[in-house]
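Let me begin by presenting the structure, written as structure tokens, before commenting on it.
First chain written, first letter: the chains are A, B, C and D, and each begins at residue 1.
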């Protein structure tokens, strides 16, 4: 169930250039049903900035009722968020949307998780849950440069992890597809989150394979009521536009026209 | 000279119901020339709320470069101000306007200082400066009720102090005029700051006496450029409107039409 | 006695608070969050004759204390609304105001006729002010003669009272209001969004794919209040006011300006519980103002 | 070479930043704070034939990301400006744009003729858009025919180029812009304020003594950008854009939308050093965008 929760900041730290990891505690955590769901955060009690900010859930700890988000402080909303301190309260709406289907990969099978930049965070909880059920995960994580790489160690603990940077300042130089080509097609499922051009390249490269992609779109309500966040499907019908916030953000490969 | 200073909050405490005393440190203090001048405070780095808030200077300590303001947290601007903590920086423009003329009362003479509610603060620095030059001060301070009385002790240390409350919950019951009538006319100068009806009553009661009144008006710029803060003079000429921010806020009795 | 009840043509409102059209879909999403029967009414998303896919994305952009949108009237069309949306809403004890849009008079008439017969639709809201579609919409809302004729045509076929939604993007909104009143409108809803634009800092191109969008949120409230004030002094039909409501105090302002009820749009996105929260807070607010029944507020600003 | 210089009719601007009329008085107050020669130009407070006392107070009210004002063109009158204000400004190396207002055409003509002869007045800004005076002002700005005729009349007598300041409170601002262009305007300045109102929560009465006021500040920027965009596509004379500028990024937006220079109004009240600060920050901003000369920004949004 979607709830509006005043969550408490239990930790906030900068983990890369302009990249922050924030831990939040509250009963909303108990409502999270799958990795890849997101929350809609009101960064200020005033109406300026006006809109909530959609941020993926990066990991959850049901035992202590805590979730982690990882975000880039870029515009005015996320900058205000980055100034919150331990103990501050934040108005969070969620959990929202449909996440990555863990059930689509069986015990013993291999899954490839491909993340780009600020699309990496939701893959972390996904990987944890896949590993927990006995899926072997390979991570391919692309970043702009060394300065903005994060969570290499965390992912490495869960499985084989390939880091790429566009400028070659860390890991392999190039885009995620560089490594993907080498890894071959010997896996059951792929899961991905990142910028549009990356998702497009991946879908093309893995044509015919079972895959799940997470999309981004500018949002109003975040719950499916305002029709702001639509993306076009490959179908030409009443379903030609689907909503990223409530129908997605994760869709099976082939559903969204990219 | 008017400067824009990022002053540091050195203390903030609630001294009565919704009434806060804040101490600010910065080089602006060095520019203050007379009691009754005010500062124009930007309560937030965002443009919401948009306008600065005019607040009187309640006292100054040139030695340590500190000034005190006393304000009621009422609307959204002053409420934000009341949430500042020691160490926070506040954008302050000032000192602004022309304060109370200390030189208009000579050593050995008596001055009556009459304040109403949130008009009381500037009288404190005035009284300190008058006392310092050997003027005998009598304070008549009116408040709504016991809950919002402040600085009784501080004023008492400087001279005879009469506290009034409208509801009689502290001091004499009634308006400042009640006590003023008893005090008689045996003084050199009167100085006053408070709500319009109070200033009107005082000017009438002390007709013919030398007096100085501090006025309030909604402000834009605070420095004399926008013509927002005018009040009407008793003259009918080009000078029919004068600016509270730069011509005032203190005017000799009889200048402003009330 | 209910201190919040308001009677308007076709609408017996338990309270004067309702979500604005386009900011609440057809109720399903908010219906997961709270009991929709709490609301005074619901203004559903615009319905057009045929299904519409709306505009390309991005469709929204944030501005200072406001937002721009160019959704482009995406909706499942008349048939979809009648069969897929309105029946679901029947489970709630809440009157529905159906927002009707079109490209030409015939569309409006056909949609109005059909949708006004749905059992829970108690009033129509004629959308002559959508700034985000190429044809129709706002073009009907800027010419008094055209607005009047459209109102008249829709009134002829509607089984329920007709409210006309005005655009603020005009030189003289009073003139338009008087024209729709002359055309037989039972009420006015106002304001729709102001036309605005935001550019991308890097490229200089509009952020919203449609180029321009409709400005809503707290930023527009002073314009909305001014227009409600002016129109309410000039017409004899009730006004449902809107534009920038975010808190209970704003309801007082709109009703003081002359509105008989108030719609909440953009604020639903920021705080999905805003409508029930305002409804809950209203009685205490009335106490604070020393007012017994909320209707006493209506048009307070006109009196001296 | 100066990367910020802009040449406009009558105006050789060292940079395209200038304070907007009414938000900078006649310069004296801000002149205590910084060297006015840093500015691209100064738009001085409206000048009318006779001295005006303006409206009763309160004259300003705060709104979400904006403010309302109804100063009512308080000014010392033509004689006062010519003798008491303009000579003082001569000490600075900065062109003055004199804002001219009036009640009827004859007033405008008389003021324009006289003030355009002051040595430091390099252009006039014809104020046909003040929403805060009962007669004149905005009435000239909402009818294209009247706007054109007034422009023509003033052009005939002015010794310097004439810019016309447009009101955003119109259905079709492009029509007005084209009319003043046809009337011989050398340039356009836009936008003046949107008409708005704020009510007192307790009494329900307008906060501003005048009832309505003009809305300015960040809240109106999306409307201003949209209008500059539309007008700049439709006319061949330059635009000085304004409305809600608070930071350097806003200059980029206005110029991208089609303005050749930008005025800063309300933001002067919040940050009295805003103009020189923006001017100082502009070169770095151009570097960031990979732009050599600021003029390359003009109308970027129109290109695909």
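Things to note:
The working rule: a contact is a pair of C-beta atoms (placed from the backbone, for glycine too) under 8 Å apart; a residue touches a chain by one contact, two chains touch by 3 or more.
Chains and their UniProt names: A, B = Dihydroorotate dehydrogenase B (NAD(+)), electron transfer subunit; C, D = Dihydroorotate dehydrogenase.
These numbers were taken from a predicted model, which means no experiment stands behind them.
Any chain touching chain C (Dihydroorotate dehydrogenase) that also touches chain D (Dihydroorotate dehydrogenase) appears here: A, B. Each chain gets a centre from the mean of its Cα atoms; the one farthest from the centre of chain C (Dihydroorotate dehydrogenase) is B. The distance from the centre of chain B to the centre of chain D (Dihydroorotate dehydrogenase), with each centre set as the mean of the Cα atoms, comes to 36 Å.
Put simply, the C-alpha centre of chain A and that of chain D (Dihydroorotate dehydrogenase) have 47 angstrom between them.
Rounded to whole angstrom, the centroid-to-centroid distance between chain A and chain B, based on C-alpha atoms, equals 55 Å. Each of residues 47-48 in chain A touches at least two other chains.
Multi-chain contact residues, meaning those touching two or more other chains, occur in chain C (Dihydroorotate dehydrogenase) at positions 63-66, 217-218.
Across the interface of their complex, chain C (Dihydroorotate dehydrogenase) is touched by residues 1-2, 4, 42, 47-52, 93, 217-231, 238, 240-241, 246 of chain A. On the side of chain C (Dihydroorotate dehydrogenase), the complex with chain B involves touching residues 64-65. Taken together, the chain B residues at the contact with chain A in this complex read 46-48, 76. Across the complex, chain C (Dihydroorotate dehydrogenase) meets chain D (Dihydroorotate dehydrogenase) through its residues 63-66, 68, 142, 169-172, 194-199, 201-206, 212-213, 215, 217-223, 225-226, 229, 244, 249, 252-253, 256-257, 289, 297, 300-301.
On chain C (Dihydroorotate dehydrogenase), the positions that touch chain A within their shared complex are 22-25, 28-30, 32-33, 45, 51, 53-54, 57-67, 69, 71, 74, 76, 80, 217-218, 246, 266, 268-273.
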